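You will see two complexes here that share subunit A, one where it goes with subunit B and one where it goes with subunit C.
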Partner chain A sequence: MHQKVQRPAMQCKVCYFAAAREAVDLRDSEVYEVENSTTLGELLDQCTRRYPALKGVLGQCLLAVNHEYLPTDVPWKEVRLQNNDEVAIIPPVSGG
Partner chain B sequence: MTNSTLTIPSTPGECDQGDKTIVELTSESLDCAQILELVRDPTAGAVGTFIGTTRNTFDGKAVISLRYEGYTAMAKKHIQRLVSQARERWQLRHVAVVHKLGDCPAGEISVVIAVSSTHRRDALEAVPFLIDQLKASVPIWKKELLEDGSGHWKANKESVLPQ
Partner chain C sequence: MSASDRLVQLEQENLVLRDRIQALEKQLAVRFPNTPQGDVLASPFSHTDTNATESSTLERVARLTNPEIARYSRHLLLPEVGIPGQLQLRNAAVLVVGAGGLGAPCLLYLAAMGVGKLGIVDHDHVEVSNLQRQVIHTETRAQQGMSKGRSAQQAIRALNSNCRSEVYDTLLDSSNAMEIMTPYDVVVDATDNVPTRYLINDACVLLGKPLVSASALKLEGQLTVYHHQGGPCYRCLFPVPPPPETVTNCSEGGVLGVVPGVLGTLQALEVVKVLLGKTSPTPSLLLFSAFSFPLFRSIKIRSRQSTCAICGDQPTITQLQDYVAFCQSQPVDQPLALQILGTLNRVTCENYAQVRQSGDPHILLDVREPVEFAICHLPNAINIPWKVLPSQVERVQQYRQGSNEDLPIYVICRLGNDSQLATQHLLSLGLTGVKDVIGGLRCWTTAVDPDFPVY
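Let's look at the complex of A and B:
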């Protein structure tokens, strides 16, 4: 019997800033419905499918999950997200 | 302490002996004198400061304004962490880090860091640490608006980049 197991969905918020915000038509943030155990890489693939202009910006960006930077040596596809995680796309900073 | 233009809550409980840490991102104009008063203390012999100001030229072009935006919750958390790191290295009394968001026309103040300490060296050394680290990692951005109508997102040379 081949019954496909329906994985329960979860929600992740994505926040955009500066050049990344301009690449997504000036949206501050969006909530994405994703499957359980979605990775950061998969979530960002969804973002860039929706906003192709984001692809060019993303390469210069750091990512933060729940207000903490993701170390730059951690591949995005290895980061499993949890329900209600807040992901932020962080272009090079220029405060001060 | 009362003030009419800007409500700056202190963060109690982080330090002993009533040392204050004030971290704020605000769309209001920054009042240096007011921020200095927040850190001045009869037990502190020194106040060290950094006052960042919008320069009116960049590469010979006239700058009209800088437009700042910030990831407020994360920025405040990371500034608080920088202050904690500074307190581990230097003996500090009160610390205020206040950053402007929104438009900051040429000549106006974008950031004020004020640090008080019993002896001057601690305050004077903590200030460059705080502004350098803020510029490297705190999620705040500015877009430079030039007289010719163009606008450019800036990147600090200290900013941490992906590998």
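Let's look at the complex of A and C:
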């Protein structure tokens, strides 16, 4: 019997820090189910759809993919993610 | 009281009086710029260590003395430090900007480990609410309202009398940063606000100095060594300052005492590594999160960004800027007093106290967070935090139902800022008879009830 081949989805983990963590109700991290070869921009759209408060924070955040920071001049829509990639959303903290 | 106790007391009084003289002289200089200044202080903003037999200028030495060998023997036994490493610490001058939660442990460890000279920049005074984290200060010095720089200097002196120290009782700004920072080998950013972070970064890039930077708020902290061995600067990572309304500071958001302690201690470690030439070739942003697992995460941050406005290939910033304008916020960790509403929709605490006394029916809406409401609140207050108020306006209206006329609503918070925003929001929805209580509960304590807690 022929089964319809489903496009395998992949999983990406998003870690939230400081103000980003507060915008997502104090969650440390979450796993998102995304389509294959999703871009960072698409993943972050999913995040902000789930947590609109994150939208106001994202603009000044440093982003890291797999513990490596993403230079600020790289557009998010050009960053292709792979299965099990980990994205960190890191706002500046200025207190002391 | 023994003679030595009396001597200590007199020394303390002397220091406080010097602080007071300096503060008065500053006021005088502002009001009468041409008045010649007294010779109590050698420099307009610095106190040098008066216990030092020589000037506070660091004299570099070629060998350790026998007492130094005895004192630092645990360092000397480490192959990674040894005599050459200890000499590098001894011959180094480190500037710590901020003698608060981060600066406190950082300064103590740098002094203990034998750094030759420490500069301390802070314009603030010690307060009792500092003491849960700023372990360099004491109850006595908080009661005296001693300057933080002075207080830190006393602690350093008590810990290591060989450590030279210089206090800059001033707000670091574009007019003095280059002069203050120039004599130092490494700069530590232990400040609490956004504009000063950009200022220190830019000055370090312009002066070619490594910057050991950390921050702490609530349960989290960050640590990075900037502008060192081809690594990025603060602007490479955060080119745009956050909008001021999104910035939370320790006096508003709170901070767990040991969190800046962890980060400040790590700053002292990074200073040692910079001085000994032992920093990691891969620069990183270290993230600390006290109640999460793992406690630490390290993000690789690679090299500087070629497009950076100050350390890039074609820098557009070649001198210090106006950082208050750039960040649209003040270089302090206190929120500014907002002026949003006209007098029509505001009442003073005294007038609101009369309303309470007369027993006129009304609603008191307290818009602080529940955690703050639990610290203290006025009897019969209703708590709907400003953050959720826009989605819960019907709750306010429910409280009004049942009365023949619209009950007046008085809105209160801690300092009188959020209460104005909440009042403005309710008025914009067409609610009438809504008034902001000016100055909030802080003002309630000073104007009406001195027994009401201040936090």
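By definition in this document, the second predicted complex is superposed on the first by the 86 of 96 C-alpha atoms of A that agree within 3 Å, B and C clash if a C-alpha of one lies under 4 Å from a C-alpha of the other, contacts with A are read in each partner's own complex, and residues count from 1 in each chain.
Please note the rule applied: a contact is a pair of C-beta atoms (placed from the backbone, for glycine too) under 8 Å apart; a residue touches a chain by one contact, two chains touch by 3 or more.
From a predicted model like this one, the values you see are computed outputs, not experimental measurements.
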Would you check which partner chain A:Gln60 touches, where first means subunit B only, second means subunit C only, and both and neither mean what they say?
both
Should A:Gly95 be classified as contacting the first partner (subunit B), the second (subunit C), both, or neither?
both
So, does A:Ala19 touch the first partner subunit B, the second partner subunit C, both, or neither?
both
Touching subunit B and also subunit C: which subunit A residues?
15, 17-19, 21, 59-60, 62, 64, 67, 69, 72-73, 88, 90-96
Residue positions on subunit B within touch of subunit A in the complex are 52, 68-71, 73-75, 77-78, 99, 110-111, 131, 134-143, 153-156, 159-163
In the complex with subunit C, residue positions of subunit A that touch it:
15, 17-19, 21, 28, 56-57, 59-60, 62, 64, 67-69, 71-73, 88, 90-96
As the complex stands, subunit C meets subunit A at residues 98, 100-103, 190-194, 197, 214-218, 220-222, 236-243, 246-250, 253, 255, 260, 285, 287, 289, 292-293, 297-302, 305, 307, 333
Could you list, by residue number, the parts of subunit A that touch subunit B in their complex?
15, 17-19, 21, 59-62, 64, 67, 69, 72-73, 88, 90-96
